[in-house]
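Below is the structure I would like to discuss, written out as structure tokens.
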Amino acid sequence: MSGAGLAVAELIRRIAQSTGGSLSANLRGADCRVERTAPLSTAGATDLAFLANSRYRAQAAASAAGAIVLSEKDAAALFGDAAARCALVECSEPYAWFAFAAQLLAPVETLVPAIDPRAQVAAAAQVHSQARIDVGAVIDDGAQIDSNVWIGAGCFVGRDCRIGAGTRLYPGVCLMAGTVLGERCIVHSGAVLGADGFGFAPFQGRWIKIPQTGRVLVGNDVEIGANTTIDRGAMGDTVIEDGVKMDNQIQIGHNCRIGAHSVLAGCVGIAGSAVVGRGVQLGGAAMVLGHLSIADGAVISSGTLVSRTITEAGFYTGFFPLMKNRDWERNAAVLRSLEELRNRVRALESEQRGRQERKDPT
Amino acid sequence: MSGAGLAVAELIRRIAQSTGGSLSANLRGADCRVERTAPLSTAGATDLAFLANSRYRAQAAASAAGAIVLSEKDAAALFGDAAARCALVECSEPYAWFAFAAQLLAPVETLVPAIDPRAQVAAAAQVHSQARIDVGAVIDDGAQIDSNVWIGAGCFVGRDCRIGAGTRLYPGVCLMAGTVLGERCIVHSGAVLGADGFGFAPFQGRWIKIPQTGRVLVGNDVEIGANTTIDRGAMGDTVIEDGVKMDNQIQIGHNCRIGAHSVLAGCVGIAGSAVVGRGVQLGGAAMVLGHLSIADGAVISSGTLVSRTITEAGFYTGFFPLMKNRDWERNAAVLRSLEELRNRVRALESEQRGRQERKDPT
Amino acid sequence: MSGAGLAVAELIRRIAQSTGGSLSANLRGADCRVERTAPLSTAGATDLAFLANSRYRAQAAASAAGAIVLSEKDAAALFGDAAARCALVECSEPYAWFAFAAQLLAPVETLVPAIDPRAQVAAAAQVHSQARIDVGAVIDDGAQIDSNVWIGAGCFVGRDCRIGAGTRLYPGVCLMAGTVLGERCIVHSGAVLGADGFGFAPFQGRWIKIPQTGRVLVGNDVEIGANTTIDRGAMGDTVIEDGVKMDNQIQIGHNCRIGAHSVLAGCVGIAGSAVVGRGVQLGGAAMVLGHLSIADGAVISSGTLVSRTITEAGFYTGFFPLMKNRDWERNAAVLRSLEELRNRVRALESEQRGRQERKDPT
């Protein structure tokens, strides 16, 4: 599982190489071997820590970490020309460098290809010889499982699903018929992709179900959190583009499109047919109404309801500020008649204007 | 799975018949065969599309659909007396007609009755000979499964549950002991019905669990979304009446009653002992506090917290409007002292009245 | 399953004993045998009901319950010195007493220790001889399952998990590798503990995953609701202290700490690294932003977003009040320019001050 660690200089070399030279770093001080990552406050001699926010400089100064990745500016501010106690990795993007380093240091679970005898793989499913299907998983007719896919215990992969190379389903994931997942995706336990969208027509006081015949199409490098749900399209498909990262407990309605490299924090809900642009950031529990669109790069605060289309990037917010309950009761009472308060201000202004006109009847 | 399609005239005939003549439609133009439904924008010659909102007339005019269902008024506005390129289905309720047509055109999954040898059915459970139990499902003692029930892979059906004819559980549904489901219900993957309600009594700084001994009772024609949870009653039962439609990620607390034909969009939460009337519509992420009631036919906007009983039908809203973050910060700051602002307006008004009285001392 | 009931005097004796005498009660009227609990309104001659809120005195007066637990004050108000129709249990904390009594009356599911032959227990897992593992459960290498643990059907217990004595996992729970659960915990169906936290570093327009190598550590007597998710720590651990009670559909981000005996109602979301104190109460759908802390004993209303650290106990609220939609539209419109309204009031005040100074040029 775990490696014996890596020299910091070796980490620098490997990350530069894997990023085609675009993430270089400079080692300052003696090289050392690090075995894992740790926060500045608890790191020890064989740990790599990071400083990405100058507010934590004091923690970095006091840290017992074996190596710290940080910006040149923070390094200079903290240590000047003096030698630091530990190895310093100077890098223009310390947090990204740290992420790559953490991947290199993390224990690797090697995928041993095998189909567990207690999994049930339909005769008409195609499972790559280098895939792994764990106990209790069900792979239905027509499903295609590519190499290095790992299907966890008790997963359900419905008819005609396709799962791209290197994708991992943790235990208890359900992919309903026709769902397509790209390569190197990660789907956490309890996620359900491809359940019916919520489509009903009212008729004589009851609701007539509209069969949901579209699919869920997920691109490459997408991560989907635990117990998240993504509904199949009503007629067309629901589409999650490359590189999207979704946290837990998210709900994506039918026929949504989530643009590439957007990030959705926990408990987000997106109603049907909404179009979220590329590189959008949705804070926790943000909600998006149906049939809207959100411009590329927009950032939505936690707890905000997006009730209209957002046509340009920017930072948007809409939650009620926290108050002591007594203050809330008083302020909320006024809020309930805010328009009336505005009208009273208007009346005062009008009276004032009248007075000024009387004084100054030009 | 899929049929070869149906003639439009045949669809009209069947829908009129199945609705006892209450949903009739008129075919205008030449009849044609349609194989499936599609949106106006992407439909082709063998597709049926619908126009239910006059805002999309331009799309209908440009559509290559083989047939379009729409209102007489939209048909007249679009095509006058001229022949349309496609078959027109004139109907007073085009969306409902489309829903019925979509059901007739959708691929039908035929239920082949069988108990998978890798399902575990308790000796004391009763499973109808025309039911289907898939691999890995567990049916506990005393459970009763009626005809044409389909229990998906890995479902858990607890002790003494009862499931009515024609109901389908998708893979990975959990019904805890004593849960009762009516006929023709659909429960999507990951839904949990009958987990303990949240009931604790405070005692000396800790919480004493109150055993939850009620059940979950679900009527006929109810649909329950993926990863939705409905808790068992504390002492009495939690009741979901006929025809209720619930989306994904919904939470229903113990001892709630949800009235017939209500619709609950995704991420709704309803706290314990709340009573939701008949035909209520709850928008996405709407929340209802405990022990309240909501009148029949009320409509609650998305993101709204229902904090008091609603005694009459109507359209209710309560979410903070979306703003640019800078505007939000300024407005929220004033909101935090809104009562004080109201008091300042009062002071101005009082001063103004004093001035007027001094001027006009009747 | 069910007992034949208990005499009220015996309940009083047992509860006094089990609480070390700290929860005593006084029996007034003739003793009787009760078999189960019921609400005041529906209780019959063999039922125990409770009156904990004086608002329901009329219900108590009319109740046909065999026994009612209530405060001395309510008893006096209701029955004075006269004999009640039923046995009265006078107690200073009637709701807590009722909870203990309900536990004594509730049907007990006896745990028959056994490993179902269709469960899969890894050779390197340690399962206590007095534990029960149901059909389809998977216990991975290195897991340790203590006595009287009950692992429901289809649960997944990952590598090196530890589960303390008397803890119960309902069907379909997933514990990812390394998760530690204390004693006497209850985890409801669909809960996922230990999925990856949501940690990514931005780099060149995409997101680099930071491996999540911490764990989830849960104390004793914790209850976790259906479909709730608790993420593993990024580097350190996510910690749920003793006696915490969590409802359904809750999301706890990586590296959070939830203090002992806090209660979290349904749909709560807590972002990463937040620290919730001891005895905190979070109402349904309350959201807590990351890296904040909430003081011991604070109470947060339903639907409230906690966007700043709360340093002292108290009752905090922040949700938009419910309005008729027409009123909301008008009030929300003013709210969008609330700062401007404040400025207009300032201008009026300034004008007024100017007028007063002109009048009274001291």
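Each chain gets a letter, A, B and C, in the order it is written, and its residues are counted from 1.
Definition applied: a contact is a pair of C-beta atoms (placed from the backbone, for glycine too) under 8 Å apart; a residue touches a chain by one contact, two chains touch by 3 or more.
Predicted, not measured: the structure shown is a model, and the values here were computed from it.
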Cα superposition of chain A on its sequence copy chain B - rotation in ° rounded to nearest 5: 120
Same or different residue numbers at the chain A/chain C copy interface, by half rule: different
Centre-of-Cα separation between chain C and chain A, whole angstrom: 27
Set of chain C residues in contact with two or more other chains: 118, 136, 154, 172, 190, 227, 249, 267, 285, 319-321, 323, 335, 338, 341, 345, 348
Of chain B, residues touching chain A in the complex: 19, 22-23, 36-39, 42, 93, 95-96, 98-100, 102-103, 105-107, 118, 134-136, 152-154, 170-172, 186, 188-190, 221, 223, 225-227, 243, 245, 247-249, 261, 263, 265-267, 279, 284-285, 302-303, 319-326, 328-329, 332, 335-339, 341-342, 345, 348-349, 352
Contact footprint of chain C on chain B as seen in their complex: 120, 136, 138, 154, 156, 158, 172, 174, 176, 190, 192, 195-196, 198, 200-211, 213, 227, 229, 231, 235-236, 249, 251, 253, 267, 269, 271, 285, 287, 289, 301, 304-308, 310, 314-321, 323, 327, 330-331, 333-335, 338, 341, 344-345, 348, 351
